[in-house]
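I've put the structures underneath this note.
Each of the two complexes below includes chain A, the first together with chain B, the second together with chain C.
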Partner chain A sequence: MRASDSSLATLWQRTSFGGVLLLVLLIANIFLNPPRFVFTNWGTLIGLAAPLIGAAIASTPAILAGRGGLDLSVGPLMGFVNAIVIKVLFLDNGIASPFVIVPVALITGLVVGCINGFLAAVLRIQPIVATLGTFLVLTGVTLTILPAPLGPAPDWLKSLAGPLSIVPLAAIFLIWAAVKRLPIFGQLMAVGSDDRAAFTAGVPVTQVRFFAYAFGGMLSGIAGLMLTSLIGSADPNIGPTFTLTAIAAVALGGVSLAGGRGSITGATTGALVIFLLQSVLTTFNVSTHLLQLANGAILVTAVVLTALQDRLQRGGAR
Partner chain B sequence: MTLNRHLFAAAQARVVGALLVALALHAAGTLLIPGYSSPFALRAMLVIASILAVASVGQTLVIILGGIDLSIPFVIGFANVVAAKLFGDGWNFGVVCAVVAIAALLIGGFNGYISRAVGIHPLIVTLGTGMTVQGAVLLWTAGFPSGSAPQAVSDFVSIGGSIGPIPVPLVVPSVAVMTVVIVLVLALTPYGRRLYAMGSNPQAAALALIKPVQMWVITYALSALFAAMAGVLLLGFTGSAYGEVGQPYLFQTIAAVVIGGTVLVGGIGGYLGTIAGVLVLSEINTVLIGLGLSASSIQAVLGVVIVALVSFYGRERHVREMI
Partner chain C sequence: MTEAALAANEVALRAGAAPISNEVSGGEIVGLAGLDGHGQERFLKILAGLETAASGAVSFGESPVHGFYDAVSKGIAYLGRDRRATGIFSSLSILDNFAISTVWHDVRSGLISRRARRQRYESFKERLSVVAPDPRLSITTLSGGNQQKILLARLMAMEPQVYLLNDPTRGVDVATRHVLYGVFRELAAAGTSIVILSTEIEEILLLCDRVLVFREDTVAAEIAGAEMTNERVISVMFGEPQ
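This part shows the complex of A and B:
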């Protein structure tokens, strides 16, 4: 009995509040809206959730880097990639090959990420200001290349939001798993928890932070592709809306905004919670206004409960 | 002590620097754009800058405290819509203002309390309450805000307004007086001292018997109050209510504070800097519009300018200097 007690306790401690919420919401969704959540429809469902998951994961490295690390440019960068891929490559130049589109998206993301890294890590401009700068520039440039929504998208790209929607997500998870094996990931966590101690221990703090932004930028490139496959067109106005929701998702998933603590599972959980929450509210056929109110209220409640659970656990550990 | 003096001197230099940039921009605008310094253009710029200055008070205080307030645009929209609706329903405008102010103080106090007492990053808390407030407003008005502004408020911020022989509406001198009051409050009152103490070292401040939660609640409540004020002023300025009217102020308030040399880690800076930042932003905006740039290009240029300005004087120290 005792053993099962303690394993239950560890299970409770390991599962974040977000995890519990995710489970509850998933069951509620399946119960309330069976046709939408039937197993054969999961490809489409995952495709619907994918851009937010991608955005949340792309926001994570900069936040992990600590000392106010934050990447506000994730959303606009997704929009920028969307505009480049559809408007510049596909519509203007007739390039539809995935072997061009995917590398271009990744490189675009990486380049913008490197600019963020240069501003925030090398020039040491406060990250929120530096990435606010890139946020504004990217939004402006995207609207200049693409003043109004345009379509369509290549068919292979659209299929990535349907039956094949797991592919880009799996790619992100694989890349993350690979990076996690590199020494630089451990250094990133060290810099995030205590950059002074890490610096004293010989960790190249500036390079590690630069890497965090560059990596996040590349992931934003993938998230931009996910967005493109979902909307099947180019839209200059959707991208920027992802930034704040992604940060909310990351916080909900237990990634500490102070840096050094958090995981890709956390970011994914947070994004899924927000997605499923919106889905539940949609089944009740409530107005979009109530949807927004509930979104905000539940976000605050969930984050408060997560923090309280965290505090209880630490109290218990002592 | 020398370190303190050094930081103080650096902060003063940033304010002067930002003011010089604003002056240079104004000179450039006058040279490049016909009519840039005409009385009407100047008045318009001053009124728009005044409203931004009011909206940025809270962001300045909160950032000195070591936090950030993303709920400002939503509170602006809330005050804008609620004031118009209640006044349109025939309420006395004094009562309307009192109701809006109390609601704003409660929203802000909640932000401060949750951020500090529960220990959640204010970015998330203020974003969440902001979304909730906006949702509530939309729900209440069903997305179609109604009502109007009282004539007195419209006159107060009217670009064509004047005070006797002085050709500016009352809002401009009022903001000047407000600036003096805020600067004095920050420099001379216990509240001001505690604000800087909390911002530079929360642990030490708590040991000096400053109550952290109380400071956060008061400061965030003030932030929401000033945001609500900006919302009511905007109602007078545009004449009708619009829930999204606050949206540009999310990044503009942060940009104004940062351009003015207030540092996001807290404890350094002041409202005079923010005023300088507000002037810089207003000048850039007006110059770019005057040069005939599209709204999207203006946004892009603004991003470059913010980063460039801050890279001159707003850089953080290297880790090696923090050990």
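This part shows the complex of A and C:
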């Protein structure tokens, strides 16, 4: 009985209010827009939500690392990968093979992630400033490579939109599950929870933080591929819009912005909540300005409620 | 078994303070006493590589100790004073709190094995008689004494050669205290060295082979054997002429 108690509590902790919102919004969507939300259409819907889920998960490691850890460059990095894959590899050099495109996307993400890690963890520049720097640089570089939208994408990549977008999503979940069982992941949670205590416990704090940014960068590479699949072309302007929505999703999913607490389940839940919320509002033909407003309001409410829940739990524990 | 000695060579706690030279060899329990702020805590942290001395150096066996990570890698373990601020990870489970310093020990074919970790934990749980129903729960569900036992288990899992303990029984109940004393004695009997800073003189008298009494950032007296009495230690602590 105790075990089931604590696993329910864990689920609650992992998703917090995001989980409740997800359920409510899903029911609302099914009720309001039956044709779009029939079960047979769920594959398409997941395809639409996939890049945001990817972006949210890619934002998570840096936030888990704590002490203001944040990776603003996730969105532009997705756009950069999108531009490299379509413009440089496919259109300019005629390379369409997934065996080139996937590694290039991953390595591009990893390299940018390492740069972020070097700036934020090794040089200890405030993460928000450091990654704002890479945000701007990447946005600029992407626009230089690709001044205007361009297409198309290789067929195999386009086929990964819709129901098959499950494939890259599953890849991300598998990678995360593996990383979660590496020694460094435990150290990452410890560093995020309390870096001074981690230091006195002999955890190499700087290396662990560096890893968080590098790992997030690599995941952004995958998210960039998911974005490419969805839009089936290259677009220099879409990527950067993902950064803030992804961070909102992560916060909604109960990942503590103070670090050390949160999960991939939470990040995914948060991303789905934002997706479903936008979907509900679209059925009402609400203008995009109001859409932003609703996003913001829900985010603030969720973060406040999560903080309250934290305080209650902590009060109960002592 | 040859035990290397942890040595302070002419360590000055601040410029102008009389330098301290001392050595702790294997199997020994050495106490650090003094009124709060008279340098004993700083001395312990210098030994641990957490702070640097105004002059002088710390060495272990033949080699000098450079900083905290170096000390850890040489088998010198430090237990902090403020459990809540720099000891426990309040958002992690009891099990993860225990294992954080030795995550590599649980790796089986590249990945962490929860089972291996659980087994390691159970052996320490027994040895330290930890009262914890479920190691997957947050560490904050434990009493202060049991949290301290977990922290000690974390240290012991590293199998260090020297333990530097900064007031390890602070805010700990009497029963737990006696468990800890028993463990410290066992560790010393097995050949490890222990340096223990304590704010309670009785504790030092009970546990230690000798005591360094600090006064004004230096060792005012080193007392051992039959001379180790409450009165003597207190009189040195307060700087009374001997």
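Note that in this section the second predicted complex is superposed on the first by the 294 of 318 C-alpha atoms of A that agree within 3 Å, B and C clash if a C-alpha of one lies under 4 Å from a C-alpha of the other, contacts with A are read in each partner's own complex, and residues count from 1 in each chain.
Going forward, a residue touches a chain if its C-beta (ideal position, glycine included) is under 8 Å from a C-beta of that chain, and two chains touch if they have at least 3 such contacts.
The structure displayed is predicted, hence computed values, not measured ones.
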Which of chain B and chain C A:Arg196 touches, first, second, both or neither: both
Partner chain(s) touched by A:Leu136 [first = chain B, second = chain C, both, neither]: first
Which superposed partner A:Leu293 touches (first chain B, second chain C, both, neither): first
Partner chain(s) touched by A:Pro204 [first = chain B, second = chain C, both, neither]: second
Chain B versus chain C as contact partner of A:Leu257, first or second or both or neither: first
First, second, both or neither for A:Val303, with chain B first and chain C second: first
Chain B and chain C footprints on chain A, overlapping residues: 196, 199-200
Residue ranges of chain B touching chain A (in the complex, touch as defined): 68, 70, 114, 118-121, 123-125, 127-136, 138-139, 142-143, 251, 254-255, 258, 263-265, 294-304, 306-307, 310-311, 314-320, 322-323
Chain C-facing residues of chain A, complex: 2-3, 6, 178, 181-187, 189-190, 193-194, 196-204, 256, 260-261, 314, 317-318
List of chain A residues in touch with chain B within their complex: 67-68, 70, 119, 123-126, 128-130, 132-144, 147, 195-196, 199-200, 205-206, 244, 247-248, 251, 257-258, 287-297, 299-300, 303-304, 307-308, 311
Residues of chain C defined as touching chain A within the complex: 50, 68-69, 72, 78, 80, 85-92, 96, 99-101, 103-104, 106-107, 110-112, 133-134, 136-138, 140-141, 154, 158
